[in-house]
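Take a look at the structures listed below.
Note that chain A is present in both complexes that follow, paired respectively with chain B and with chain C.
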Partner chain A sequence: MTESIDIHPIVFPPEVLARISPDISLQRHLSLETRPCSRGFEEFRDVAINDGNISRYSTNCQNATTNNIIGSSLLRSGKTFVITSITGGIIEETLPANNTEDVGEEELMKLSEDTDRLCENSTIYPVVEVQRGRVGGPTDEEMITSEKLYKTLLHSGILKKTALAVSCGIRRTEEDGSVTTIYSDELLDEEKKINEANNRKWSYVLYAKIQVFSRNGPIYDLCWNSLISALKTVQLPRAFLDERAADLKIAIRTRGRSMTIRETYDILCDPHKSLPLKLNEGELCYGSNYGIIDIEPLAQLAKNDDEMDVDKPTSVLLADIETEAEESSILSTLSLTTNKNGQFKAATIIGGDSKITPEMIKRCIFLSKQRSKDIESKV
Partner chain B sequence: MSVQDRRRILGPAEAKPLQFAAITPVRTVENRDDGNGNKSGKESVFISTDLVTNANGSSYLEYMDGTSDQVLVMSSVFGPRPLRGSFQSKASVSIQFKEVTLEHLNTGEIKEICTFLTNVFNAVINVEKYPKSGIDIFIDLIQHSNSNPTEEANIVNILPTCINSITMALVDAGIEIIDLVSAGSKDNSVVAFIRNGHEIVGIWSDDDNVTDISKLIEECKAKYLVNKQTLVQYLK
Partner chain C sequence: METTTHVLGHVDGSSVVSNSGTKVICSVSGPMEPKSRQELPTQLALEIIVKPAEGVQSTREKLMEDQIRSVLTPVLARYLHPRQFVQICLQVLEAGESRDYTVKEVSVCVNAAVLALVDAGVPLLSMCSGTCIGITTEGKQLVVNPTESQLAKCESVHVYCLELGTNENGDIDVRNLLLLDSLGSFDESQLFKVLETGEKECIRLYTELRSVIKDKVAKDFVWRQ
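Now for the complex of A and B:
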């Protein structure tokens, strides 16, 4: 009565197996001591970085007159490439009306500033976009990466508030119609008083637009490295006010009280003169990521019969996670941002299904320093 | 109710974008002279395909007109991929245009570009061949060196390169098209052709005073033939 059922093993070509069962595909690769991307376990992708000739201050820039990008970077890592363009804005800082009079106020501010180191640091407003062939709002990954970039830069101390302060100049129009612009650090002593009359403060605000193409792995480290290299190219244009606007006051009366207001006017940027953005060079650091995965004894390709009984699961450390197979099967990951001396700015360790041993963390730290050194030499 | 984007970190609302003072006219004239001085008169195109690995097909075109004008465009084709919803006997083609670095075009202009390109490629892609499918094309304008937010000629300068780039991306994706579509531009008009210039698949004109339309078409056709020849040479 019983019919015999023949079971035929189904054989898939490697690229099909990688799609339908990424975990088995990855395990098979690992047992051959290679990875789906055919790199070694601790081998990183090659990184190429340049400024992409996007910024108005790029050496070969063709459109300096209409370009408002002040810093840029084009980072390529394997097949993935990231284009970062930095634009700027100016914000007027709110100063207390009697900023020099009230000693107590100043003392209080100084006290609170000492405890709050963060208020000396500044950051950039990043918007990360990953090209994925869909339209619509930002994905979780894009939002999380933007937020992480924003916070890491703020806490890293790479960008200080003082570096973004605007030293405002005055534009004068002579009687013959010729226009000259004077900046306070270029002023002669007798002319300095022009500036003193004008006690307002501005600071630059930086925005980054980070576009990721051909994404095939975690993007945070790539975005961070691209952002840092873009920041290094930033030139802040010199800004000035028109002489006529600088000490213009209008008397007004409201509800029977008279006061003076200053007219709102725009601060303009010099199309030719610019200063490089001062970064805290000692704090610059670069990111890299790692994954740890257990080697499943069952998924191993048997080399020969003797080795079959070694069934102790060992785990391996993979550097620079790439491909869908690795990203979806590796749950224990590390993301480290450091400079070549091991000065850490950010570290994320996610313990997934594989145990992360102290030895592995030490190894990751060692590798991340090496990687940071390598990237630093290319920026 | 204040509308605020809570999903992106956009920075303080009261910050004003950098405004560069107008450059004195003397300087502009000098620039123009430099441009003409360096003019080799040769237009050149750099073509590369398969740059975007997670798309079905992609292309990257760099167009230089011999002066200072430089247009860098990247196209990626996603699809044919299944469409949700009710049965459709033809593929639906969608085209999205985006400026990667500078943002000089307004949303209205971008929408117009998308509509124009969608019309052109609906006529060229063999949509009957792909029922129940969507073909999504993304164009990323990486750089357009002569772009000026105050001038209107921007779009006309980039459209032929966009069309060429999409054609190459479609070829790279292996999507069936009835012929290589390419375009030529003259003054403020762009005409897209197929079949050696015997068929027109799209006309874009920002010019209000076109008097002789057949002359305009002939002039665009001459440029189309050059462009098409370049594409054919790359594909050989």
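Now for the complex of A and C:
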């Protein structure tokens, strides 16, 4: 009646174990002093950045006449691709109705600058899309990354409002029918008054579409680096008004009141001339991320008996989190945005489970400075 | 910091917390049955909803929700309620800051959520408290809990949340840094100053929260005496 039952330990191949139990798989890797992505603990993925030849101002652009992308970047980090394309628009600024002279405006700007530091900073409107082969509304991750990019850029002071101000030109039609466009920095003195007569103000707004392909790790840092390199390539097209808009006033009289009507003309963009976007170069910085995980003694692979592991560290620092195993098992993360001199623009430290010590933060800062230097040399 | 607990009748726990011009009301429902897509097989699922003082939810509130979630997740004893779900709803009553900032709201939300969780009787592994710190452009002074006008003059702003507990001897035990979110321009030494100052402030808030809870428990369990 009694049958003997043999119990065999179940052995999974590494890729199956990684799928069904990512935490054990990660711990096994760590005990071999490697990572699921076979990088060293403090080793980053290689990064390659170029403009991807997407923008209309790219050197090899084929479709410059129909392309409305004014800045772009293609970032590859490991298997992940991030494509950023920047488009723009022009908005008219609302000025006080009795804004007859411009003299006091600079002073006013200075005055409000003292009370509000953000009033002179501008930002970009990013939309992050992680391509997963399905459609639908944006995921939480996409919304959070977009918002973080928007806020970090606003608070960083990299993009100033003055850099986005439009210096408007005038298009004139000569008697012989030929059309020329003149910009205020090219104008002769007597012609400047044409521009002054027209006290409307415009500024550019920038939108970024950031697409992430083959996502296999946290995306914020990749998106930020891609956004900054795209902003560096942005060329703002020059804009002009028709001369008739600048000086055409029709005096009319209704019910005893006299007033003037100015014909409205749309502001137009120059298809050929453009100016590079002026960024606050000294403030540029790049992001990197880190994870901290405790070593689980029970999940370690068996060691040789003669090997003493008394002074083994209880937790390890991993740079540049990649693969699902690392992302789902590591809950203590750091994301630092800095330049090579250690000037920060953003820092997010989340202590999910492993204790974050000041020494670890110091080590991350040291690594992020080096990483920033490396990325800066490639952008 | 001014606090009130058990202000709402139809939920399991609630609190109102206000601190230097920012006021948040928080409700906690649960542990209860989740919708199937929220259910986690081994742990308690958490839903956090932040509603702004003005207008409707936007990506700004999504980011706040994410920050609050990363603070509360390690504090909750989630393994005790597998396949269950807790909903934490935070309504900002007074923002106390412009839309470009979220630091004050996040720090007050964290404190309100902890009190409401205690009120609801959801098991916690430790306590946490949150504070916000600004560094002024002129003089590089650290301002703890800045007012709206002080915040606008700050070169960098930081939210800081700490996991705290009390050990057997009755001493305060700093367990972990839960969240540091910094924006603006700052350097390494300023970052460590923020960590140092934030820790002191969080410990102060923790003792305050603890005494509030002590009074509350004494009042709630008066029938047991």
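Here is the rule we go by: the second predicted complex is superposed on the first by the 333 of 379 C-alpha atoms of A that agree within 3 Å, B and C clash if a C-alpha of one lies under 4 Å from a C-alpha of the other, contacts with A are read in each partner's own complex, and residues count from 1 in each chain.
Definition applied: a residue touches a chain if its C-beta (ideal position, glycine included) is under 8 Å from a C-beta of that chain, and two chains touch if they have at least 3 such contacts.
Source: prediction; values computed, not measured.
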| item | value |
| --- | --- |
| Touched partner set for A:Pro358, first chain B, second chain C, both or neither | second |
| Chain A residues touched - chain C or chain B, whichever exceeds | B |
| Contacts of A:Glu93 with chain B and chain C, given as first, second, both or neither | neither |
| Touching partner for A:Pro237 - first (chain B), second (chain C), both, neither | first |
| Partner chain(s) touched by A:Tyr207 [first = chain B, second = chain C, both, neither] | first |
| Partner chain in contact with A:Glu120 - chain B first, chain C second, else both or neither | neither |
| Chain B versus chain C as contact partner of A:Met143, first or second or both or neither | both |
| Chain B versus chain C as contact partner of A:Ile350, first or second or both or neither | second |
| Intersection of chain A interface sets (partners chain B, chain C) | 143, 146-147, 150 |
| In the complex with chain A, residue positions of chain B that touch it | 7-12, 14-24, 28, 31, 51-55, 68-70, 74, 76, 78, 96, 100-102, 104, 136, 138, 140, 142-149 |
| Residues of chain A defined as touching chain C within the complex | 114-118, 140, 143-144, 146-148, 150-152, 154-157, 283, 331, 342-353, 355-356, 358, 361-362, 365 |
| Residues of chain C defined as touching chain A within the complex | 59-60, 62-63, 66, 70, 73-74, 100, 137, 149, 152-157, 163, 175-188, 191-192, 195 |
| Partner chain B, residues of chain A touching it in the complex | 53-54, 62-63, 65-70, 72, 79, 83, 85, 87-92, 125-127, 131-135, 137-138, 143, 146-147, 150, 171, 179, 205, 207, 209, 211, 213-216, 237, 240, 266-272 |
